[in-house]
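Report on the structure given below.
Labels A, B, C, D, E and F are assigned to the chains in the order they are written; within every chain, residues are numbered from 1.
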């Protein structure tokens, strides 16, 4: 069956050199009958070598990867590489310009929509293009995330384990090569429609990672990506390591094993946390409490940790609805 | 002229004991013809002594004060005090429940609306009530802020200088008694319609302060307020210092002298900061740059510091419009 | 000072005969640079006699008066009257077309905006026109209401007492002449900016009344207005009583004396009422309770009557916010 | 094929005792990356016996069932029953909290979305969970409705006839056991995607019913459900009849046979009805007329009944669009 | 498989005479539980002859066809025709009443949604009804467009070429018979889900055309449709040519061959065009430039034509987003 | 009284040379606590000579002046002038970026808000700054308009007559010097709060004019402004006429005398016009008619001209509300 995408690219993925241009996603609306959502894409290609895809802005309010990839696109010279690098620094473009996790056009969360739909909403069309056009073109994909406006994360790179041991091994090697302070292995999967799942289904070595969060731009997060990016390209043989480049620092391998690692707000209200990022906690320990500022005489309602672990993620915004994740933990990887 | 407020209180401000109830702000709309915006208020009164007003939630997305005051209301026993404490932990109630700086009902920024209007929007009516009913009742007002969703602040208590030297001296003494790590004196005033200006016009010792920011709840900010609150009440003679209470830590006095302390985004886009909170910077030093993720080939546009100082405030959200304040500085107080 | 209204009328208020046309309220917006809000107005005039104003649609979601007045406009023949009748069946036109209490253009509640503002929002401009152009033209004004979407009322006509005894007496006589089942005297005033207050300030005999409610069209309410309208015009000498017309039925005079007649929702949630319209209740008796359907294990929170009386008004919609009036009472008039 | 729902339950459906907790519907949005829509669910189980599902809040603005089931959850003791009762008092939770028929998240009308979609919108995911997880677990389902904000109904319980005579007989017996004043048999089906159709497809005895309407909470409707609920549980053998419990009152069986029972608004405008609930009408008789308050000189446009019958349902809101159902009729059941 | 549409028609398509009525599209929402979107339809039938469908309002903001078809419906007498004419003057009714390209209910662009979905959004349901109920009924379909609010067009009738030469020939003959000044053949297809594609898949002779644009009503466009409509009905043998009717004027056949005929805005901003409709341009010639009024010191960014041709379409609105089509060209048909 | 504006300018109005920068209008909202609306301003000054203000974007969807002034700012060299030119190419900046007549922040129509309010909405604050800071600085103001999205205009320059004959004469001379094809004198004033009225109150020679409309950018309109601008600056002595510059073409002086020049839509619906711009019409002649596409059997409702004249303005959008101006006329100036 021919690919059914309606998106077309201004770039030629097979051409050597550096092209920086756009994908056209036809979007016919009242303000523009022949309008297009223009998704920036860069192709840097030189000779033979692996094909690599680097993406950011899968969630629009995660910025460190967007900045690192924009810098990379401007700075990279095709002569520095062997192979092909496809870079999409603002994958869900309408969300990235809007500074929101989801697209303002269709409320679509791109990272819950793979493998997408060529006839669907704009966000579904982007997912379909990545899944059916780009993934078959590459051997390696790193999708840089940052937790989004609502979460603060200790920065880490991440992978998911598939049923294919060889793919897992190659992915673990890449995870270590990237050299983030923490390397997280997701043993529980929130949703198979995320990028990590999509890559696995296409047999592509796929890394993720959360490099900041809260809707902020962290200097540290940008730096981790920029350094890791060069190391992973060197590891793949697409670039040669810069002279004098120090080896990747050791990565602490951790994992999220199951639902008990997550704590949820027990009531709607204003959440007061009791722990900080990187705190080690015990099952049963209080995690925080919900206040009722419209009725200050009402007692706050507490919630507790269900397992031991380290606080790797905290909710950012003070106001909560019942069921919002307020903390999740990680523990050292058991291999 | 009689007070023209249309707001009425369930509490009796002259009654001894602890009352926790609501102000009724009549709000007649389609979903409720005889509806009310219910603003929580607590009055704790015992014998003779000064009258003090404590407020939070002037901006709805500033939470440390809201939590500290809710805790205070539940914990305080009238027998512990001499005088009267009026506490409004969620002053702009609709904004506080909405988790936004401004009211969702009228887009009103309460801290730009004093002295208010009894016939105006809900936010203007709240300002009028504070200004015309509550301020004449008290000698001391502390309005706890936190920077709001869009700003990260080093925590500090603050005051503004008036033309009345005696009022300034009393306010400076109170500022030191509160014992925040930093005590900021605003030499330049963004707007005379803020709470600090309103208090001065009513000859009330008035403190402010930013105890966190970014829409988060910081454990440190809650703690600074909770400790400072007891110290200021002791200073005023409303409470006696707790036995074993350590003296107020030294406060570093700083100031914001003029417009040159502020740096604004030079273009709309994605802002990458180059400095962290508490960094000391020099005039002419790069402050950050704006990226264009929809057009990654376009060079980022930088902005620079216009004076020397310490970074006391940074913009939180990555996305900026031209003219958003991205950093402001403070320098040590010159007295 | 000349009248500063920017509204102009297609009708000539001094011309004999029947004119049905519009007021032009200039409203210059993106979809229409030279647009107008067109407020329907009818003038029926013949010879000499009193000038009377009849209005409905002050609140857009109160329909019985709108229907009765539209029918009246089409049916009335100028030869049947002596004097002048000015009829505005949809006073806050944008609200009436939108089926909402307040205007969709400016969220204005017309009955909280008298005497209005000629340079203000559309709703303020309407208020100004009524107050400054129409009220000085008439001796009598009946403004037919119905409680609006959020309230169910036992139907009644109403008046407010002013400090002018003569005006009060004339108004009471008119109230009885109208012949509603209940005649309500407001001893407490929610807001002086209502039509009843505006009429008093202009020394005009002014009646109101709630003839239904809940956003419904009640057959009974339309009938009460249609019959009462003819009786009040006969009473004023503008029409002669129809041959065979039965005399006005006796009106039970009641009153609302103070704030204690109102019961408010104690929490946000789903309100279950315990009483029906026309029930007689006692102070302390339970009025209803608020349920929490998102958390069914939580106990409902009750509220109680604060005084004795008859239930004349109940909240209609099940969902409540804290502070919504859920019931108000009336008691027999003490004169 | 394994069940593909992404919803997980905090309750264990196989455990004896009473559990009151929530379903987690993962909803990842900007304000909460790891958020959940929390749908309240109670499981009351004891020993062996039939499995029964009771639901309300399928439409968010239908309240009598929500209240009756919240009361039931708090009051029931597992020792009182034999079997299992699964109770969801607010099935379309976001709609129930919003007081609207449809979900504010996706505009989904849950009762037009069975059998749902595990990868769809939140409302589609709820429908899928009910259809694929809960319905296979039970033999009996009563889904309590109330007409919603836009309709007023004479209260009745209802069923639909399937092609399975045995299922029809069991359902008719249950309908009579419930003991509502009216028992309605839908001979015409607006939409096969409603709960009554979903139950039939799963071979579950399924009842519905409209117990009020107009967005109000009727005391009578709550009472009919509370009494009927105990009777149907006794009928099913899940509870024993309370001592002294009176037998079910006789139910008048009625039906809606075809499209001609419905009358629609002929124009957009303000609808004035000519009949009341429970009136008996004749084909050709005027049903009401549409007024044009923006143009009072225009003649109203009438509409007429197309068949004989009793008015069992009336539109509530005065404003209509062309095609809104303004009345529908029922006639006595012909068996 | 039986047709699964949920839409039902008040008209009988097989009945002789003229019927003007509505399609009922059930739309159950909070404001109307049993509401319907009422789509106007006229059936004019007399004796034997071809079946023809005429539609406008596929896009709600294209008006010339809506007016021409409303006039036609009122004026046509069944005795004037042989065969059947089905007329839908406002196909996407909610969009037509809203004056927008897409439906305000679901943001659906009807002309990107064929063949539709009977269980989908309102716009998808309309597409399904046209595709599965109406198209199988007719041999000929003319769907009159006008470019919509965002585009200005030189008026033309149009067709698309299919793989069926015979169908192409019949369509070309009809195109000439209609007699528009220009007859456009689309050699490149934006989207196979448009009406021209839907007609081809159903083996129906299908014409389109853009008869104005910019959201305006052009007198010339209405006239071209009204004259062409009579000529095409005469051509098909449904009407006889009016006595004295002049023959169809010659049509200039043109085509749009490929993507290079389109020019897109290179940046968001304010677009200044350099050419007018009907200008002949050369590849490389400047087409216009984007200004930045928020930053007037910034140089405008130009765009250029990529091929030779005549300007047949220009963007109307000054403000552009990157990727908006600002001009497209046509060239003479090469057959 | 000191000027109370809260806006501050980056430019120094007294400095020689060319400055292109921004006004800061403080706008403190949730997304930016210390945000600013940045209004572009250019000051070109050299030696002694008159002070002139040129503005566009008073209405955001009027573009010809915005483009002409942006071009002028970039092209002008201070050495070319004698005196001072203050240029604001996007006066209501938020509206200009939004492409709407009114501001998206407060729905403010700047040209109905002079003299503004320093404590009001953003649009009122802009009006106050223009009125109180800029107007006192200049002798001449040309405010370029274009009719906005909803109107199509024959291009003209315009003035209003004040009670000051000398000011009128100077203004008429300037009007002729500008050299537009038509020079319009407003004898009737829609609103005294427009720029023409504000200029007169400040004794400033003030011109307006509509140079296009419909939300389009007309090449002709840009050209008329660009040529006229140089001619008016030469006329004022700020620039010397370019060598070889042709004299101003003759201007046809016309006027709008009273309300009868305007025709309004008689019903809501779809308006079909019967005349084109520049047509000469007679009183009583049909102007157009309103169609009802939701009910095609209903007869269209016509409207007629009330006086003789030339069509100088037509409504652009097809959809109308009752009271929208659909045409207005002008007649030759009677002096």
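The rule is simple: contacts are C-beta pairs under 8 Å (C-beta built on N, C-alpha and C of every residue); 3 or more make two chains touch, one makes a residue touch a chain.
Note that the structure is a prediction, hence the values are computed from the model and not measured.
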{"item": "Repeat of interface E-F, chosen from B-E, C-D or B-C - more than half of residue-number contact pairs shared", "value": "C-D"}
{"item": "Chain at maximum distance from chain E, centres defined as averaged CA atoms", "value": "B"}
{"item": "Chain centre separation (chain C, chain F; CA means) in Å", "value": "42"}
{"item": "Distance between the centres, which are taken as Cα means, of chain B and chain A, whole angstrom", "value": "36"}
{"item": "Overlap residues in chain F, where contacts from two or more other chains coincide", "value": "38, 61, 149, 294-295, 317, 322"}
{"item": "Of all residues in chain F, those that touch chain E in their complex", "value": "20, 38, 40, 42, 57, 61, 63, 66-67, 69-70, 73-74, 89-90, 93, 96-99, 149, 152, 214-217, 219, 222, 270-274, 276, 291-297, 299-300, 316-319"}
{"item": "Chain E - residues contacting chain B, complex", "value": "267, 294-295, 322"}
{"item": "Chain F to chain C touching residues, read off their complex", "value": "59, 61, 100-102, 107, 109, 111-112, 147-151, 190-191, 193, 259, 262, 264, 315, 317, 320-325, 328"}
{"item": "In the complex, chain C residues that touch chain F", "value": "6, 8, 22, 24, 26, 28-38, 119"}
